[in-house]
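Shared chain: chain A. Partners: chain B in the first complex, chain C in the second.
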Partner chain A sequence: MDFNEVPVTSERKSKKKKNKKAGNKRVSEAENGESAGVEKKSEEKIMENGESSAAFPPTFSVSEIKNKQRRHMMFMKLKQEKRKQKLQLRKKKKKERAALGDKAPPKEVPKTIENQRVFDETTVDPEDEEIAFDEGTDEFSAYFNRLTNPQVLITTSDRPRGKTVRFCEQLASVIPNAHVYYRRGLALKKIIPQCVARNFTYLMVVNEDRLVPNGLVLCHLPDGPTAHFKVSSVRLRKEIKRRGKDPTEHSPEVILNNFSTRLGHTIARLFAALFPQDPNFVGRQVATFHNQRDFIFFRFHRYIFKNEKKVGIQELGPRFTLKLRSLQKGTFDSKYGEYEWVLKRHEMDACRRKFQL
Partner chain B sequence: MQHDDVIWDIIGNKQFCSFKVKTKSQNFCRNEFNITGLCNRSSCPLSNSQYATIREEKGQCFLYMKVIERAAFPARMWEKVKLSKNYEKALEQIDQNLIYWPRFIRHKCKQRFTKITQYLIRMRKLVLKRQRKLVPLSRKVESREKRKEEKALIAAQLDNAIEKELLERLKQGTYGDIYNFPVHAFDKALEQQDHESESESEEEEAEEEVEQREFVAEDEVEESDLSDFEDMNKLKTSSDEEEQESSEGEEQQEESSDEEEAGASTSKSAARGRKRRAFVEIEYEREVEPVSKSRDF
Partner chain C sequence: MGDRSRLCSVWLGSETGILKGVSLTRKQAFNFCDTRQLSRDQEVRVLSWGDPPAESELLLGLVDGTVRTFSTEKGAFTDARRCGDPQDGCFAGLAALSSSTLVSCTENGAVRVWAEDSREPVTKLEAGKTVCRMRQSPVSRNKVATGGKENGLKIWDLQRPEAALFSAKNLRDDWLALRRPHWVRDVAFIPDSDKVVTCTGYHQVHVFDPSTPQRRPVLEAEYGEYPLTALSLTASGSTVVVGNTQGQIALLDLRKGLVCGCLKGLSGGVRGLQCHPSQPVVASCGLDRFLRIHSLEDRRLLHKVYLKSRLNCLLLASLELEEGAGGQVEGQAEVKEEEEDEDEVWASLEQVEEETTKRKAAEKDEETQKKKKKKGKD
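Now for the complex of A and B:
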């Protein structure tokens, strides 16, 4: 315990409290004379009382005081002492640093969760050939080889209300070549072959719960992977402060940040294939998917370069965050599908510094 | 003896019947053998000693009949006849069993049977359609995730990340020739030219004095770049974007207190930016992180 650092002030108080403590000890003895644990403690207190004129013995801990108020006070004092010491330490360090000037050792980098992230063995090495080969031949290769143009079909769960409908409309305005269709109680498994027949490349289903969109199923159509996300913090256009005018029809650029593992790469390609390959730079619009600690933040901005070192961005469009729940190999099939990855809360949430994407 | 009228007199009107449910407009009967479900003199199973109903068990329909001869034997009072699954045959069965019975009961039995078959058909159809699965949410988990999301948002510093990425792309030249101000590249080109011309001039000192290196003053640079900027303005095809630019210019001034004049045009701001670049480039960005947004709904 840190109690060796407790300076004199507490001792003074302890002297004042010696009588009280003695009383305490007597009371505690009287109450729990039988139980061995308390007896030991009372013995300790006797010893303490004998020695406490100078300092507490190191085995003392604040939690042993039975009286809540006094315990609380002692704890507060302990905290204050610690804080004071910390402050003194910092001042000292600062002075030393100032004194040394240039020769001072470099500042220590503070630990962040990103710094401390547990190394994931599936992290993609940019030069890995195997991965490059895989990505050349996976389901998105058609898109990345410019063979297909993305066509997105956006729909919802049954009977969408209010916010979900508007969210779908805004999504359709953000993603070029996107169409919104009302669900009308159709089964997804029946919709999918129809979509394939009409040359759609993507199916997006926005799930709604209590008037608010809360889930997203993103299905790459000709046999592609299906990703199921949890959607949160949806902000529609009118809820965004300081926003610009509505997005135009120009194809936006796409920014994908922080997708480092294999799984992250798959998801990133999933997002990338939503947008046409050639963005209209004239439009100056950019859609960002930023992954941070397994949350994917989507933003839609319009940018302008003020000079070659500064750029201003203005948020248009909806914003939302996604969290991946499952990735399935084929198209949407909840019963018999082959799941590539499923969020298992107990395993994956156990470590705070371990992330999947 | 069964005194139907007396029974009805008591339970129907004057006193209490435990199966009766009273509403503002109607009285209902909760007795399971009741054929219509209403509390009427002719529909009450307690006050009619000759009575028949249709009931359904696990998809099978049965005809229950009660006659006055068995009124003294409550255990055997109701005769149960299984009806065929074929609708027409079942109707015939009802007719056969209830031959010589009052019209009302026969009619109501058939009506009830029809209704039951209809809802059974509907149940079977619904099972084949999509069924909604309810997934329970755990409050603790949800609040934990929400908190993690907020922290992740703060750690992400989205605006900075996006701006950095865009500037990198500009540097790498993905935008091609659209933006003409890469002074960086200009400087580099200048430097290159310097090196070249130095090496050249060493060799060809006497010959080429026409090719003099001109160290261009900043003002001139500004003008040329200003004109470039105006060109960029012309690049915007729709008037909307022009308006946008001016409004953007205004709005960006809110963001970066580097440009403090209100309502300045973008060219002016570019000029100021250029001038200031000679001294110190301080970029203040007032980022109002929308953390509060996730809290207010």
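Now for the complex of A and C:
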């Protein structure tokens, strides 16, 4: 009962104070803390508050000091004090944990924007018949039903220079059945029918800006969809430390991580259909597309089972990051094509905890 | 099935061939289809009412050239008939002329009138090589408008199929003296006048006036830089809502052709748009698999429903209002009469809640006022 009554009185006090004075926040906070001194944590908070209020008069703030050097000094002092208190608190907690031993409460999981993710209603339920049907009959179904073998044409924007050329070559070494062609100033809409006639299933266009690749258009043939990605942090093989020897011709295994929404599934299928269905496990190579906060990280590794427990991995490169800009229905037609999804900045990413993939 | 379908106020046709009904008052969506017999051949392209004033029958135009009839009373498909060959292309428009005859239009421009129980069309007419949309006039039901790529707006009287009542002339050349191409994507008749509004694949909105001798648009407005795919007139007919392939929807005033607001929240191209005939709301659906309902007054998003497949077309019931103040009571009374006890509970609950909240709010206001008074006295 005491526990209940005390904070009530404190509230009243603070209210009265607010009414009397023009709402001095610090004072009311300190008062609140003092009166509700039941829990240990709050007690410590009071200590902090008490000390700070002891050091300075209640309305004092460091920023009010006019002398710059003095202000700086005082601010540093304040900071140091705060840090000290924090350390003490942590030590105390650690001690408590050690004292409690096995009975200690489980450690709190840190809050990240991923585990605080806003629920997305398009998250795919694997048992849903309708979505299963929709996915089973989409444009990639021919590949997943083993009717077609992937064949990829890689080209660039006009007159590629610098990193882009090597990036394309290395992409071609990662993806089996990939051919790099020089663009020769051709229009994409003219290339696409020729690709379809030659049984290509993908057209990949790497865009560059100031010698660095910055965009990727991935067009599934013969009838779409087309995805447009932003490419960033490209590290080619040469720039990667502790990399393994050059990759072999074997077709790699593919790992697709964290593609949970309906859009994410489509994108995952788009990536999966780039590689042949049956990986050569002899090659021990893995291509990973890892989605985190809507950024897709690509890594290419070779693994080895050292013994029954240990696995060693070795990065082969290249590595880069993709971010989806748009997904368009049908083959590449940026002007008249219909978009299934477009990234609308400031409208979609207004909430940091909402993810699209 | 029957009681479910009677609740629905929004009907949607999807790319997977499922007819979807959404009840906004109960915040539920239903699939009216056998999930075991799904196929892409049954993709619903167009939806229309079979008997417009009563709104108890839905006509579904499928990709394979069949028209299925869905009874909202029974909640089941009652009829299916073939209208045209599959090689004519899929439907660009479908409308009922009377209870048994209907008019269909395919993408290759074949407009056909089908009477009941006859396999051959009663009337045939060719409306150009490509047709993107055919719409029926809400006033005189024998009047239809067609338009497509390189095929300007044409208005036909189905009683006299020999010649079009009105056909638009090509647009005037631009300032470089170059020809301007045509691409009508959607058409609508403006109520209480002869005028017709179209939206084009070149992001223009045109208003044609067949009552004047001018065969070129009397008003031209532009919105955005992507093809406009759908259009709908508001109840008053003074503003038009257009949507484009990037999922941008705008309200355009038809007096001067100025944008007077945009609707936010879409992420994929718009396929279907319709304004409610009496309420100030607009429903949109499209490739992002969502049905969204916006208010036209403050342009706020009122409802958002995820429907799992890409949506092609949309139809709002005119009688059943979503949450209007007067209309809702009527609707709920009907529900009470017809549905089981559960629904009664539901309906009554909602009503009570609203009332109590209002009261509470009122009471709170009063309380606060009293408090203020007291404080003042203190």
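Keep in mind that, in the parts below, the second predicted complex is superposed on the first by the 271 of 357 C-alpha atoms of A that agree within 3 Å, B and C clash if a C-alpha of one lies under 4 Å from a C-alpha of the other, contacts with A are read in each partner's own complex, and residues count from 1 in each chain.
The rule we apply is simple: a residue touches a chain if its C-beta (ideal position, glycine included) is under 8 Å from a C-beta of that chain, and two chains touch if they have at least 3 such contacts.
In this text, all values refer to a predicted model and were calculated from it rather than measured experimentally.
K.L.:
Should the pairing of chain B and chain C on chain A count as a clash or a fit in the superposition?
P.N.:
Superposition check on chain A shows chain B and chain C fit without a clash.
K.L.:
Hey, is it chain B or chain C that touches more of chain A?
P.N.:
With both complexes superposed on chain A, more residues of chain A are touched by B.
K.L.:
Please indicate which partner A:182 is in contact with in the superposed arrangement: first for chain B, second for chain C, both, or neither.
P.N.:
In the superposed model, A:182 contacts neither chain B nor chain C.
K.L.:
Applying the touch criterion given at the start, work out whether A:262 contacts chain B, chain C, both or neither, answering first, second, both or neither.
P.N.:
Touch partner of A:262: chain C, not chain B.
K.L.:
Who does A:75 touch here: chain B (first), chain C (second), both, or neither?
P.N.:
Neither partner.
K.L.:
Between chain B (first) and chain C (second), which does A:133 come into contact with in this model arrangement: first, second, both, or neither?
P.N.:
In the superposed model, A:133 contacts chain C only, not chain B.
K.L.:
Go through the superposed model and pick first if A:112 touches only chain B, second if only chain C, both, or neither.
P.N.:
In the superposition, A:112 touches chain B alone.
K.L.:
Once superposed, minimum distance in angstrom between C-alpha atoms of chain B and those of chain C?
P.N.:
Between chain B and chain C, the minimum C-alpha distance equals 8 Å.
K.L.:
So in the complex, which bits of chain A are touching chain B?
P.N.:
Chain A reaches chain B through residues 112-114, 158, 185, 187, 232-233, 235, 239, 241-242, 244-245, 248, 253, 255, 257, 281-282, 286, 288, 290, 292-295, 297, 299, 301-314, 321, 323, 345, 349.
K.L.:
Touching chain A in the complex: which residues of chain C?
P.N.:
Interface residues on chain C, with respect to chain A: 15-16, 18, 31, 35, 38-40, 201, 226-227, 229, 245-247, 264-265, 267-269, 287-289, 306, 308-310.
K.L.:
If we count contacts the way the header does, which residues on chain A are in touch with chain C in the complex?
P.N.:
121-122, 128-131, 133-134, 137, 262, 329, 335-342, 344, 347-348
K.L.:
For a test of understanding, state which residues of chain B touch chain A in their complex under the given definition.
P.N.:
That would be residues 129-130, 132, 141, 144-146, 148-149, 151-153, 155-156, 158-159, 161-163, 165-167, 169-171, 175-176, 178-179, 181-184, 235-238, 240-241, 244-245, 247-248, 251-252, 254-256, 266, 269-270, 273-274, 277, 281, 283, 288, 290, 293-294 of chain B.
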